[in-house]
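So, here's a batch of structures to check.
Next come two complexes built around chain A: one with chain B, the other with chain C.
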Partner chain A sequence: MSHTVTPAISPVERTTVQHTAARRGRLLIVAASILLFAVLVLQILEAGGVTALGLVSWRSLLFAYIFWAVALCASQVMIRGEAGQRAVFVLPAILFTVAMVVFPTVFGLYIAFTDWNLSAAAGRRFNGLDNLRALFADVYFWNALLNMVYYVLSVLVQYAIAFGLALLLNTEIKARKFFRVAFLLPLMLSPVAVSWMIGKSLMEYRFGPAATLARHLGWDNPAFFSTPWLARTAIMAMDAWVSIPFMMILLLAGLQALPSEIKEAAKVDGASGWQSFKEITFPLMLPVSMTAIILRIIFQLKLADIVINVTAGGPGGATDTVSSFIFREYRDRSNVGYGTMLAEFYLVIIIIFVALILKGASRWMQREN
Partner chain B sequence: MKVSDFERMMAIGLSRRAILKTSASLGAVAATSGMLGLPGTAFAQDASLRSQILQVPGVGKGSPTDADWQKVGGMCLEATKKSVKQGEFAGVQLSFMGLNNQNLHNVLFRGFLKPWEDYTGARITWIDLAQADYSPRLQQAIATGTVDFDLLEMGAPFEGDVCGKGLASEMPDWVKAQIDMDDYVDYLKAPVGTWDGKTYRVSVDGDCHNFNYRTDYFTDAGLAKAWKDEGHQGEWGVPKTWQKVQEVTKFLKGKTVGGMEAVGYLDAPKAWGGFGFYFLGSRATAYAKHPNDKAWLFDTDTMKPRINNPAWVRAIQDIIDALPSEAGDQLNADPGTTAFQQFLAGTGSMVSWWGDVGASARTSDSSVVGETIGFDILPGSDDVYNTKTGKWEKLASGPNHAPNMAYLGWGVYVMARVDRDEKKKRAAWSAAAHLGGKDLALWTAAYPSGFQCYRKSQFNIKEWVSAGYDEAFISGYLASQSNSYNHPNAAIEPRIPGIFQYYSVAEDELAKVFAGRATAQAGADAIAAAWEKITDQLGRDKQLALYKASLGA
Partner chain C sequence: MASMNIVNVGKAYGSLTVIHGVSVEIPDGEFVVLVGPSGCGKSTLLRMVAGLEPITFGDIRIDGKVVNDLPPKDRDIAMVFQSYALYPHKTVAENMGFALKMRGETRADIDERVRKAAEILDLMPYLARYPRQLSGGQRQRVAMGRAIVRDPKVFLFDEPLSNLDAKLRVQMRAEIKELQRRLATTMIYVTHDQVEAMTMADRIVVLRDGRVEQIGSPRTLYDTPANTFVAGFIGSPSMNLIKGHIRAAAEPFFETDEGIRLPLDRAPAGSDGRPAFYGIRPEHFTLGGAVSAHVTVVESTGSETQVFAKLGQQKIIGVFRDRIEEPSDHVIAMTPNATLVHLFDAESGLRLD
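Up next is the complex of A and B:
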């Protein structure tokens, strides 16, 4: 048996070490901050044509930010000891979010108030509220927003189908595991692949199997994308095919978590299948249902890929979405300032809309309970 | 005497008797020319090479593959070998940005340049873009100063954006000599490819929309009888004017040809990243391009759009009127659909497109109509709108034709960023010159490549016939292009910055018009208003100056 003797550090010595580390920590973060600020100023001067140091891109500022972030984390540990170590668990995520989400959003806000067309001889110019005024007068934007209302409403249909499938897969049917995997397959496909496989191949007017079948069934002109409502419905169907499995898997998980005793008690009391669903399963599934619907709505508000690939927003804007319109404005017309205003404004709408839904759902569920 | 040699002699105009009479002396010349190094040897080699490359893989032998592209690239490497030593560019890395439409363009360039890479030692990395992604990617690179490519496949309409901003490298004299620029068709010579008097472009393509039609439709006895029975004027035949195209399209509705549903003209109403506007343009030029006026899109004094004048509105109205008689889902057809999924696949009897349709008709596996295609320049119009008088005029010379020189062809441009490294600059220009070589041009025009004729030397019909093309077919195909290129009233596209922004916004408005949500006039007025805004945003004075320059005004 052996003993290891650790030399004891007196409280005074410990305090001295801590003070020294804290002082070094403060020095480190101050030095890193000065460096970051200095590089920022140099970059601004370079961009403004005041200096010519050869800083051809803003990459040096990125490196300075990374160095500053590392210094900040290290200084937290050095200054605050154990509390600083706990902070370091969260700090990298915060700094990353600031760099990748907060900064672009704020910078985007600045861009949104500029007249910036990539082909313009004058480059970027601040133009006040002109972009906002143009947005309010833009019939294409409001048309796309109206289409989004239809697309969002289609989520309720998707929910009903997904619930039905989840109930089916929750029962003791044959080949249940196979069907679970099979129903999940569309979710694993890229919407772009779905656009081509279904929208441009299966539903192709001349040779597509869906069009051929429709002709056999007596539809002379199976053009799925030539009239507004038919095209919109076809887009919704393709989107639903990809998205229903996502809702279904959430609902199935919820169903499997339900206590079986309640349903069994209801059965003993003589409740029919419909009564059992209406009075027990559906109410108990409300929290999961709301989560699934809200998540799907958030995804739905970003719908673009299928529309861009299959209809390009047509016929006559009938299938256009806000995202596909922004894509066109930015990509085809290089209209960065106005395109960014559209994106920022739509972000505000989404935030307000989702906040209202969450608030409404919360109140409704409280009332139900 | 080889059969190919005989055909070549016939091609240059020698009669059979003359060939036989001079065979002895020719034999003597052939025997001595190797020692003397006579120019005739080089000519014979060139002619032989052109004949040989056209046999790769051979017309009617399926679509060419990567092995064929590499083989052709290797066979056309002699010009490079004269200016570059083997391994001279070892260690040089070049980046090439271009398209991959229909698996063509860059996909072929890779094959063509593989032997060049092996010989010179340079290596190329590729940035492939879909048609619709091309313009925004290029614009972003220009505006943000992030040009990350050394070679660029680009159309002349973008020269204002690229060459005007000093982003391109000026062509060295040795490249001009290697690619023989005098051989270019006239409309692709300066000012196209130049900016402020400097040359930047190695052409690899010439562009115009021609008129492709199905010969079986227009020789069908049943249709001819029905045409007369219904009281139409004139004989049943290929329409020469847009008025007739409209009449034929409506006439064919509900009829059959060879047991299949007959369809007339194929319009492309669906947006195509701005490129769809060219197809309205092809319908409009005969109405809007007056022989006494170079302008047809904008007024040359004010840059005021002409898109809402009676000529353009008439073209838009023509499409609205024709759509119900076209294929059932025509409203969802973009130009790619009309050419490759409809016309070449057997649907429709008339389509305006670039030369790709003719080049693919007999050499692409996906074409089923190769034996029944004919070609012409775009239809004309019985009358033409004169913007100066504000009236429609009937010309004494007959219908007004104004072939649409849509896009002015693709070229290869070297970016200015290579200028600071002489070795890299030479390598980049050598690669561009290889792609723009005279012999390679013959092959790219004869097979699916995304490119059509752009050199005078490509219009030698005998060469095409010796490659396996039917003489009548290829004569019509080449005539439709050369007659367009050389037409005195050709509608030349303006090379102004942001031209695709104008087209893109027009596509959005036109989609509404074709879907019945706006009248032709209201849609055209909306396009005009949007174009005015774009012009103001981009800088009216600068746009106007460049527009005038592009028209040679």
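Up next is the complex of A and C:
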């Protein structure tokens, strides 16, 4: 719908006005672009030691970018009128994302192809595909990636437990509200706190209460983090303790949204509790389940804090996650170039993996419905 | 097929009693409609029969066997829900065959019976569709199909037509009635719509606040309502209830609070001077005669004319087959048919005979 206001100026005049505005707009964006480019060139020259204009930091480039961004928005309105105004609703978000996400990722890619150790006097040096070659030969990285497979699979176990708890909390049990809050408590704790409270204190093998209890129960040497599978399981258990409530609350919300009449209809139709779950509740919960699982997998791929604090990846890399491995690469070895290569490579793997899951999930759901 | 006995059944939530001992006896193959205003407990009663709601006291018997503590699946009942409660992730055929599948019948058996039910209900073209691909009326039919494939002892309907538009409702009403004739199965049908109750039921149970007001055939409820509630609930527009006193002279008449005389053909014994309600259905007025009322609105539906008027200070409605124009002096002569008058006690509201 367009406004039907009697034109104060004739259509011919109006097009002229529009033309003038469009020309000015183009002029503005060209000028802003030249300015941005000029500042960029000057900064590069300055950084290369060619000039000495006193541009100590890259801040002037940032200001030039902001100015360019504002000019871009303004010029859109001037050139394209209402369509430009519409674009201005989205442009700031895009420009912000470009500046804060896309640029760092691309710049990180550049760093990934350099040899840059913070403790080396030489500073940053381009070294071609050396980092990538090192990565493919790095058994610790592939070991961490294999561990990620186990950790991601553990999400399914967490899901099963969370679903059970959600079903339990969805029934008419006594003190339901209390249990709801109680089950949510672990989610409110920081994983760092959990790793110290539980991993480092409760499960400490000499004096930790859990270890003491295990000794009383007849386990001679309850070192929870000594053998690979035991350590991995202990980490998974701690992670599950923190993250099951998250899935549980999603599933509980889903269960409560199920229409009660459908379950009653199943009851009247003669379905037993298990049949009703298998035939009605579970299929109807699939969309919520998929959401919960995919969210948890995405979080799980970033698992690091508990591992870093409790085992630092040990014993022998058995509990290492990719994130904790990258963390050590940066922090312990100050190896920025290689660490960034690892992070960028892992990002690519995550993007492909999650895209495949989403694709598979949507296809599966379509078939189910 | 089965008879059903509801014996003094009640329901209480804590100290709040919502159903105060309802008793209904339903012979095999009867179509019983539970009707009442919202909150009267009719749906709760139906859910107790279905086994979805525990019974606080009393007995429910199917074929003489007490089923109070049996889960729904062991009662051999089928229920059609107000929202239809179809399984959204199952096709029409799977929806209809679900109960049979749960019973562990063979694939071939299930297909056969689903097909039969689908033929009865004109659902054959839709068997492979999902509920969301169906119209409201088709969904309603699937819900009924799900009930009839099981060949249960008793059918329960919980306001099954309230989500349909007016035209479809009339059509489905007839279809359900026809289905009941054909299957000759005991049916209990809950509705708040007295027209549905009147048109479909063999017998109607009128409920109010968890108590039975009257049980009887539609004709009985219409002709001899037991109290002012039933009188006002059954029939549309509802019965006029005019306040006043009975005068049982040699020529008995009814005197309204404003002193207007209304005709009576008889007075109950010993009722002279008794305060009472004079009940007359809107369709039981005749134009002309000694009683005149002050017209407020005249509405025509085409086939009939409704006259809203005031008799003294009391509002009355008359329905006439004749076409009436609103009189210029707003006065109309409309006289109750003395043989069709109902008298109710002013205090208890009970019928006086």
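By definition in this document, the second predicted complex is superposed on the first by the 345 of 369 C-alpha atoms of A that agree within 3 Å, B and C clash if a C-alpha of one lies under 4 Å from a C-alpha of the other, contacts with A are read in each partner's own complex, and residues count from 1 in each chain.
Here is the rule we use: contacts are C-beta pairs under 8 Å (C-beta built on N, C-alpha and C of every residue); 3 or more make two chains touch, one makes a residue touch a chain.
What you see is a predicted model, and the numbers here were worked out from it, not measured in a lab.
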Figure out whether A:241 sits in contact with chain B (first) or chain C (second), or with both, or with neither. neither
Applying the document's definition of touch, where does A:67 land relative to chain B and chain C: first, second, both, or neither? neither
In the superposed arrangement, does A:280 touch chain B (first), chain C (second), both or neither? second
First (chain B), second (chain C), both or neither: which does A:264 touch? second
Go through the superposed model and pick first if A:196 touches only chain B, second if only chain C, both, or neither. neither
Chain touching more of chain A, residue-wise (chain B, chain C): B
Contacting residues of chain C [partner chain A, same complex]: 50-52, 71-73, 77-79, 81-83, 85-89, 98-99, 102-103, 130, 146, 150
Contacts from chain A onto chain C in the complex sit at residues 259, 261-262, 264-272, 275, 279-280, 283-284, 368-369
Residues of chain B that touch chain A when the two form their complex: 132-133, 135-136, 139-140, 142-143, 145-146, 161, 269-274, 327-332, 334, 341-342, 345, 347, 497-498, 500-501, 504-505, 508, 511-517, 534, 537-539, 542
Residue numbers on chain A that touch chain B, as the complex places them: 56-57, 115, 117-122, 140, 204-206, 221-226, 228, 231, 311-318, 328, 330-336
